[in-house]
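The structures come next, written out as structure tokens.
Both complexes shown next keep chain A, but they swap its partner, so chain B is in the first and chain C is in the second.
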Partner chain A sequence: MSVNPVAKLGAALLLSLCLILTIDWVSAAVALGLELLLFLALRPAVSGFWRRTAAVWIAAPLTAVTIALYGQPSGTVYAEFLFARVSEGSVTLAIATFLRVLAIGLPAVVLFVTIDPTELADGLAQRVHLPVRFVLGALAGMRLVGLFLDDWKYLALARRARGVADRGRVRRLGGQAFALLVLSIRRGSALATAMEARGFGSSTPRSWARDSPWRAREWAALGTGLAVGLTAIAAAIAAGTWNFIVG
Partner chain B sequence: MSASTTIPTSRFTWRVVDIVVASVVGVASGLLFVVWNIASVPVTDPLKALLPGLQALGGGFWLFAGPLTALIVRKPGAALFGELIAAVVSALVGNQWGALTLLSGAVQGLGAEIVFAAFLYTNWRLGVALLAGAGAGLAMAITDLIVWYPGSDTLFVTVYTISGVVGGALIAGLLSWLAVRGLARTGALSRFAAGREIATRV
Partner chain C sequence: MLLLGESGAGKSTFLRALAGVLAPDEGDAEGSLLIDGAAPAPGRAGLVLQDPDSQVILARVGDDVAFGCENLGVVRDEIWSRVRHSLDEVGLRVSLDRSTANLSGGQKQRLALAGVLAMGPGLLLLDEPTANLDPQGVTEVRDAVGRVLDATGATLVVVEHRVAVWQDLVDRVIVLGPDGLIADGSPTAVLDRQGADLASRGIWVPGHPPTRPVRRPRPVAQIELSARALNVGRTHAVLEGVELDVSSARGLAITGPNGSGKSTLGLTLAGLLPPVAGELAASDDLRRGIPPRPWKWRSRDLLTRIGTVFQEPEHQFLAPTVRAELAIGPRALKLPQAEVDARVSDLLERLRLTHLAAANPFTLSGGEKRRLSVATVLATRPRLLVLDEPTFGQDSRTWSELVTILAELIDDGSGLVMMTHDTELVATLADVTLELT
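Take a look at the complex of A and B:
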């Protein structure tokens, strides 16, 4: 079942914005639990789930370590060295941070994997009514990604053949990245001429080749994201662990 | 031909070439962000997790899209647009920050944008580029500390903010300025004021 990419983006944003309001383990754990239930119930097709979410699984414990060392100290102090102070309070905050990073990061990966940039641009222009020229210009830039990857390969081959920068990996990468930037700007300028020739910049009303549908399921997606976030907040308030991020 | 098809031009209106090149620069920066995301997680993050806030110095690598785009196309909103496009690319590929990548991108872009706006979009020299990078760094520090490190103590907050500003000025400000100067020398920016100003005749 395909959902408008704008709804996926909106659901992930609503959920995340609810979760960042508080730093406590109850809200994060409740959100994570509900997300797991939804994941098991809906079984979204995500190829390579573990590879794609690897960054989240690594970032969560590392952020937690930082907070355990440098979080607001309170209660018993377990260890102290240099500027770091591991205390009862900072460990509690670290656990909350760990769960929160997972609860924010995991659903976003699952929701974003299936987003097609073209459909997203259609939705942003037709449904959110963002400035059309900018949305379509950005999409045109996005479409060049495949070419960039080819350019990168040819640049490497050409530089190898010419014997340029055979040694020094960092310098070679830097030089090649700059060459790619030059190529991409030249390509962009040429593309702009072509788009302008076809009337891209004109102010005549635009018609759309693809319709971007907005049905009940899009509202349902947004509602689900918000509901999970609000349930987490309600659970935290009920459990008395609500801990607003500022102050 | 009727004259009605001509579009009124002002220094502040975005031409098609401005939009497309800004998008291309944003997308290319976004791809570099993805490379940093992947490279930074297993390599430097375990070490950085132990630092009292100094990790924000390297955050500058996620900030250059805004100043770079603005220095190339020199239009109002360019810093915000470039950083936002880069954030969208980074988020769609998938990273550890999820949907909040877009929030970070918007705030960091605004941080640089405000500096360029304060100079009424007329000054594009090194000093302003450094300030814009610092502005993006400050914006990054504020969002990161509120969103990701809300439980941190005063020392961490102070060190993180200063590191963010310094890293932003050096990496996002200085490096972007140098890159634009280099780009102009190659002639790739011949359709932009930035290129016509510096390009040397060969």
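Take a look at the complex of A and C:
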């Protein structure tokens, strides 16, 4: 069942907004639990789930360990060496952070990897009514990224061939970046000419070859994101762990 | 109609004006230009450009073709029937969901043609649409244009410096010079009358082959670089089991379709990419006291041993002026200033770049960039040269100049490796040809 990418984006955004308001462990645990239930119920088709979410799985414990060691100490101090001080407070905070990184990161990855850029652009232009020039320009520009990567590889090889790759690495990378900029401006303007030649940017009202449907399921997606976030907040308030991050 | 003329005559600018994509702030305009009695506007005339890569707009074939129709405000059902029809006409029989990234150059140009065609123009404008393609791609695009003209009855204006490709499709040839119109007439009339003159202006005219270099007796060939069971690639092998020798005073041509691994093999032979597997070793004469594996050499050690001319000259330019560009290699070798100056002046002279010595390399014309990129490599006098498509898209005059210089190098004892589609180049310079599939 396909959901409009704009709804996926919105759901992830609403959920994250709710979860960054507080840094307690209850809200994060509740959100993560609800997400797990949703994930098991809906079983979204995400190929290579573990590979794609690897960054989240690595980032979560790393942040947690850092906070456990260096977070603001309070309560019983368990261990101490150099600047590190593991205390009751810092460990609680570490657990809360670990859960929160997962609760925000996992659904974001799952929602984003299933987004098709073309469909997202259709949605942003037709549903959110962002400026067409901006949205389609960005979409077409994205295609150039692959070409830039190739350019970069060739620029590096060419520097070796020209005899200047033995030292001055930082300065060389600077020069290489500048050369890439020049090449990318050139490619960009060629693409702009090609788009203009196909009538892009004229005053004729544009039509859309692809529909960007907004149905009940899109509202449901947004509602689910918000509901998970609000439930988490409510649970935290009920448990008395709610701490508003600002102030 | 075929529009001919030397580079800089204004052919491309004229096409862009017809296509209605020249912004008013991009220069001065005089006179009037009307298509069917109205000012040019997108949709009335469809423009296809030279570079296949910078014309693909969207990620999927169907969406890309639909793009122009959307901009014209065509209703949805009509768009998709036009899309299918246009793809049929250019003979691009792939699924609408097919990713545009993996199409070949010839397919990308036909995709661009379909995208223009779907807008229903009465005038088709093609700006060197086949200059960046391999021979198969050239044929694909030319045949597609032929079918489109038959089916739609549209007018065609094509800019190209290879006459043979379009000769049979056009019924009028116009030649532009620096001061305006030089010739206008049927292909046979113009080519019979002006063929020799056009050829001298750098246009490829059938029956007027470019000047070929006069060859001198060559020194005895010696093996400089040997590849045994060589697998090449960036991460995994794209080409396996290469067996070849590169010899001094000889030309080795590596040919084959795009994607056959020519460039990767060339970059590996040039000591720029490490082999994936197998042996690649330099002779004692080539390595001169350093270890035999070229990819392990320092960047500076490559300069006097193996020089590389990249397919895109812009990838290898480093300096703000042509003169400084030529001095980079000799400087890296720590040659005395007098020697650096002498080499630079000599090369400026030999490659007709003296008047451009103070210009920025990025601002040169295509032919000038190519000459400069070759000159930068010659400045350090490497024993071997590896050239990736050195004659790609060049007019016949630049072609002759380049081939003459390369022939001199071979006759003086340098070894040459050329990755190329250019049969004329192979016939002129190659002693050995390795054909990849």
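By our rule, the second predicted complex is superposed on the first by the 204 of 247 C-alpha atoms of A that agree within 3 Å, B and C clash if a C-alpha of one lies under 4 Å from a C-alpha of the other, contacts with A are read in each partner's own complex, and residues count from 1 in each chain.
Just so it is clear, a residue touches a chain if its C-beta (ideal position, glycine included) is under 8 Å from a C-beta of that chain, and two chains touch if they have at least 3 such contacts.
Since the structure is predicted, the reported quantities are computational estimates derived from the model, not experimental observations.
**Q** Please work out whether A:G123 is in contact with chain B alone, chain C alone, both, or neither, and reply first, second, both or neither.
**A** A:G123: touches no partner chain.
**Q** Which holds for A:D166: it touches chain B only (first), chain C only (second), both, or neither?
**A** In the superposition, A:D166 touches chain C alone.
**Q** Quick one: classify A:L181 as touching chain B (first), chain C (second), both or neither.
**A** Touch partner of A:L181: chain B, not chain C.
**Q** With both structures placed on chain A, which of the two partners, chain B or chain C, ends up touching more residues of chain A?
**A** Touching more residues of chain A than the other partner does is B.
**Q** On the A-aligned overlay, A:G229 touches which partner chain: chain B = first, chain C = second, or both, or neither?
**A** It touches nothing on chain B or chain C.
**Q** Considering only touches as defined above, state whether A:M195 meets chain B (first), chain C (second), both or neither.
**A** Once the two structures are laid over each other on A, A:M195 reaches both partners.
**Q** Touching A:I58, do we find chain B (first), chain C (second), both, or neither?
**A** It touches chain B, and chain C stays clear.
**Q** Which parts of chain A are in contact with chain B and also with chain C?
**A** On chain A, the residues that contact chain B in one structure and chain C in the other are 117, 139-140, 144, 182, 187, 191, 193, 195-196, 200-202.
**Q** Which residues, counting only chain A, touch chain C once they are in their complex?
**A** 117-118, 139-140, 143-144, 146-147, 151, 153-155, 157-166, 175, 179, 182-183, 187, 190-191, 193-202, 204-211
**Q** Considering only the defined contacts, which chain B positions touch chain A in the complex?
**A** So the residues of chain B touching chain A come out as 5, 7, 14-17, 19-28, 31-32, 37-38, 41-42, 45-46, 48-53, 55, 72, 81, 85, 88-89, 91-92, 94-100, 102-103, 146-153, 155-156, 179, 182-183, 186, 188-189, 191.
**Q** Residue numbers of chain A touching chain B in their complex, please.
**A** 9, 12-13, 15-17, 20, 23, 52-56, 58-60, 62-63, 65-67, 69-73, 82-85, 90, 93-94, 96-97, 101, 104-109, 112-113, 115, 117, 120, 133-134, 137-142, 144-145, 148, 177-178, 180-182, 184-189, 191-193, 195-196, 200-203, 245-246
**Q** Within their complex, state which residues of chain C touch chain A.
**A** Residues of chain C touching chain A: 16, 19, 21, 41-43, 46-47, 49, 51, 53-60, 62-63, 66-76, 79-80, 83, 100-101, 112, 115-116, 119, 234, 267, 270, 272-273, 298-300, 302-303, 307-308, 310, 312, 314-318, 328-329, 332-333, 362, 376, 380.
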